[in-house]
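The first chain written gets the first letter, and so on, giving A, B, C and D; residue counts start at 1 in each chain.
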C-alpha cells in the first residue's frame, strides 16, 4: 500500500501488485475452506494505491486459483490491459469503491445460509440484535440490508450471497466471517420449533 | 491432453497418463475434504487422448489413494491390462463418454444432502430456479434429473449420489460443487417450518 | 503385519510396533478431522502379530497425540509393561479381538449424529436399507445393533458413540466412515417435516 | 512452566514466554478450524509462572495471528508494558485466575451452537446427563451455568459464547471441545420433531 509518491519505482509498483494478488489468493483459499465460493462463485478485489482495482477474473475457482487469476481494471471497470474481459460483477465492486474512498477491499461469497435465508425471507432486511459478534460491525444493528444507500458494511442479494467491504482485506474478511456467523445462527434459529 | 498426433512419443503418453492420474487423485482429495466420498464410495475418471479412460479402481478410498489407485479401461469398460478388474460403476462412466465426445471427465460422489433428498423426494426430479449458482450450469433450470436422455450436466440416483461431467476435470468438479451447493440449500430449506 | 515366523528379528518387531502406532496416530487425526474424537474421547487399537494389542492410552487427545500415546496390552487387557494403566474401554477392544480372530483393528469414536440418535431413539436398533453406502458393509441391512451377539461389523452404545472393526485399519476406518455417513443421513431425515 | 525458582535465567523466562505464546497461537488455530473464533471474536490466555498473564490482544484474528498478537498483563489486568491496551474481556480472564490458583489457561470462543442455544433458552442453565462425554468434565452434571459462583469448569454468556478453563491449555481445550460437542448435540436434539 506504499509506493504512492512520485519516487515510487517500478519495482515498488510490482511489489504492490504482487501483495494485492497474494491477499486476494489467500482470501479465496480462506473463503473456500468455509464453503463460501463453490464452483466458480464469488469475487474478491483490492483497491491499489493509484486507484485501479485488482480483482479476480471470471470463471476462476477462488479456492484453487493462483495470482494469475487476478486482473487489473480501471476505476470505471474497464480492463487496464486491452482485450482482457472482466467479470460481470466487477462493476458492483467499482460502484462500492466509487461511493466511498475509505474502502480498500471488497469480498463477495455465496454461503448456504445466505442463499437460503435470502430466498426464504419475505422481508427486505434481516435484523440482528443482542449478539456479541455485532461488535465486529461496530454498532451497526441492521447489517444485512438490500438497499445499498442505507448500508455501510455489507449487503445481501436475494439468492446471490453477500458483499462485504472494509478499509483493508483483513477487515473485509473479518466482517464477512462475522456476518456469515450471524447468518448461520439465524438459519439454525429458524429450524427450531417454536 | 496433448500427444494426440502421430509423433507422440512414449514419454508423452506416460506424461499424459501421469497428468490424468494426478488430476484424479487431486479430485478425490478435494471431494473427500467435503465429505462426498465416505468409505470407498465414489469414482472419478478422465478420458485420455486415445479414447481410453483413466478411472479409480474398486475398493479404494478416494481421499487417501495415490496414483496407483487409477487404472486404465478401454472405451467399452474392459481393463486395458488383462486380469485387472474395473469397478461396477465403470460402465456408467463409459456410457457417458460414449454418449458425448465432448465429455472429458466424470465425477461421482455421495453427499448427505444428495442421499437424503433423493431418498425422501417422491418426485422424479428436483427443480431449482432463482439461484445465482445456476450460472455454473449455463442456464439449465432443471439440473438434477434421473432420466439420462434429458440430462445434460449431471444426474442423481436415488440413495446413491450424483454423477457430474464436463469437458475437463476443472469443469466437472466446479459443476459438482455447484450442484452440491444447491442440494445443500434445498435440504436446509426443507427443514424450515412452513 | 509380517514378522510372525520364528526368524523374526527384534528389528522386525520394532518395525511392526512402529507401523501399528503410526496407523493408530493417522486414524486418530482422520477421526479428529471429522469431529469424531472431541476432548479425549475415542480409542483406537490394532492387533499385533503376536496377539498383543496396541491401543491408545487413557486421557490422550486422539487428534493431537503422537506414537507415545500408544501402549501395549496383553490379550486379556493387562498392560504389557508393569505399572502402565490402560483405559477402561480397553476391555471392550479385547473382548472384540477374543470373539473373532479375523479382527485386526478396532476404532471407537463419538459423533454428534451417533450421540443424538442413540439418545433419542427408543428402538433397540437403527435399520438402514436402500442406501448404496450399505455396500461398504457387504450386504448387512441392519448395521447398528446394540446386541453384540447379533452384530458383525459395529455397534452403538446409547449416548456413547460407535465401535467399528475390521481385518485391518483401512477397513475399520472405511466402515466407520460408512456408518457415520448413514447416521448423518438419518439425523437429517429426522429433521425434515413429515 | 518451569523457571519459577530464583535461579531462573532471563533465557528461561524468554523460553517460558515463547512457550506460552506458542500455546495460545496453536489454540487459536485449532479453535478457528472448528469455526469458534469468527472475525476477531474469542480470546485466549495462559498464566505465567510469575503470576502474570499472557493473553491475546484486542482486534486480532485468533486463527490467523502469530505470537506478536499475544501481550502480557499483570494479575489485575493492566498491561505490563506501559501504553499497550488489553481487550475488554481481559478482566474476565483475570477474575478467573484470581478466583482459583489452580487455573493455568482460559479459552473463550463463539460457536453457532452456543450462541443460538443461549439466545433461545429461557432457562438459566443448560443441563446435560447420560452423555459419555461428560467424563471429560469429571462428573459435573450441569456444566453450562451462568452463575459463576456455582460453576467449576466453564460458563456461557447469553449471545456471547463460552468461557472454559483448566490447569493447562491442553485441559482447557479438551473441556472446550467436550462442551461444544454437548452443545452441538443439544442443538440437533432441539431440531427434531417431538
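Everything below uses one rule, namely that a residue touches a chain if its C-beta (ideal position, glycine included) is under 8 Å from a C-beta of that chain, and two chains touch if they have at least 3 such contacts.
Every value quoted in this text rests on a predicted model; they were computed, and no experiment measured them.
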Rounded Å distance, chain B centre to chain D centre (Cα mean): 43
Whole-Å gap between the CA centroids of chain C and chain D: 31
Residue list for chain D, restricted to those that touch at least two other chains: 191, 193
Chain-level touch network, classified as line, ring, star, complete or other: ring
Pairs of chains in contact (touch as defined earlier), listed by label: A-B, A-D, B-C, C-D
Chain C - residues contacting chain D, complex: 35, 38-41, 61, 110, 112-113, 115-116, 119-120, 157-161, 187, 190-191, 193-194
List of chain D residues in touch with chain C within their complex: 34, 130-133, 136, 170, 174-175, 177-178, 180-181, 184-185, 188-189, 191-193
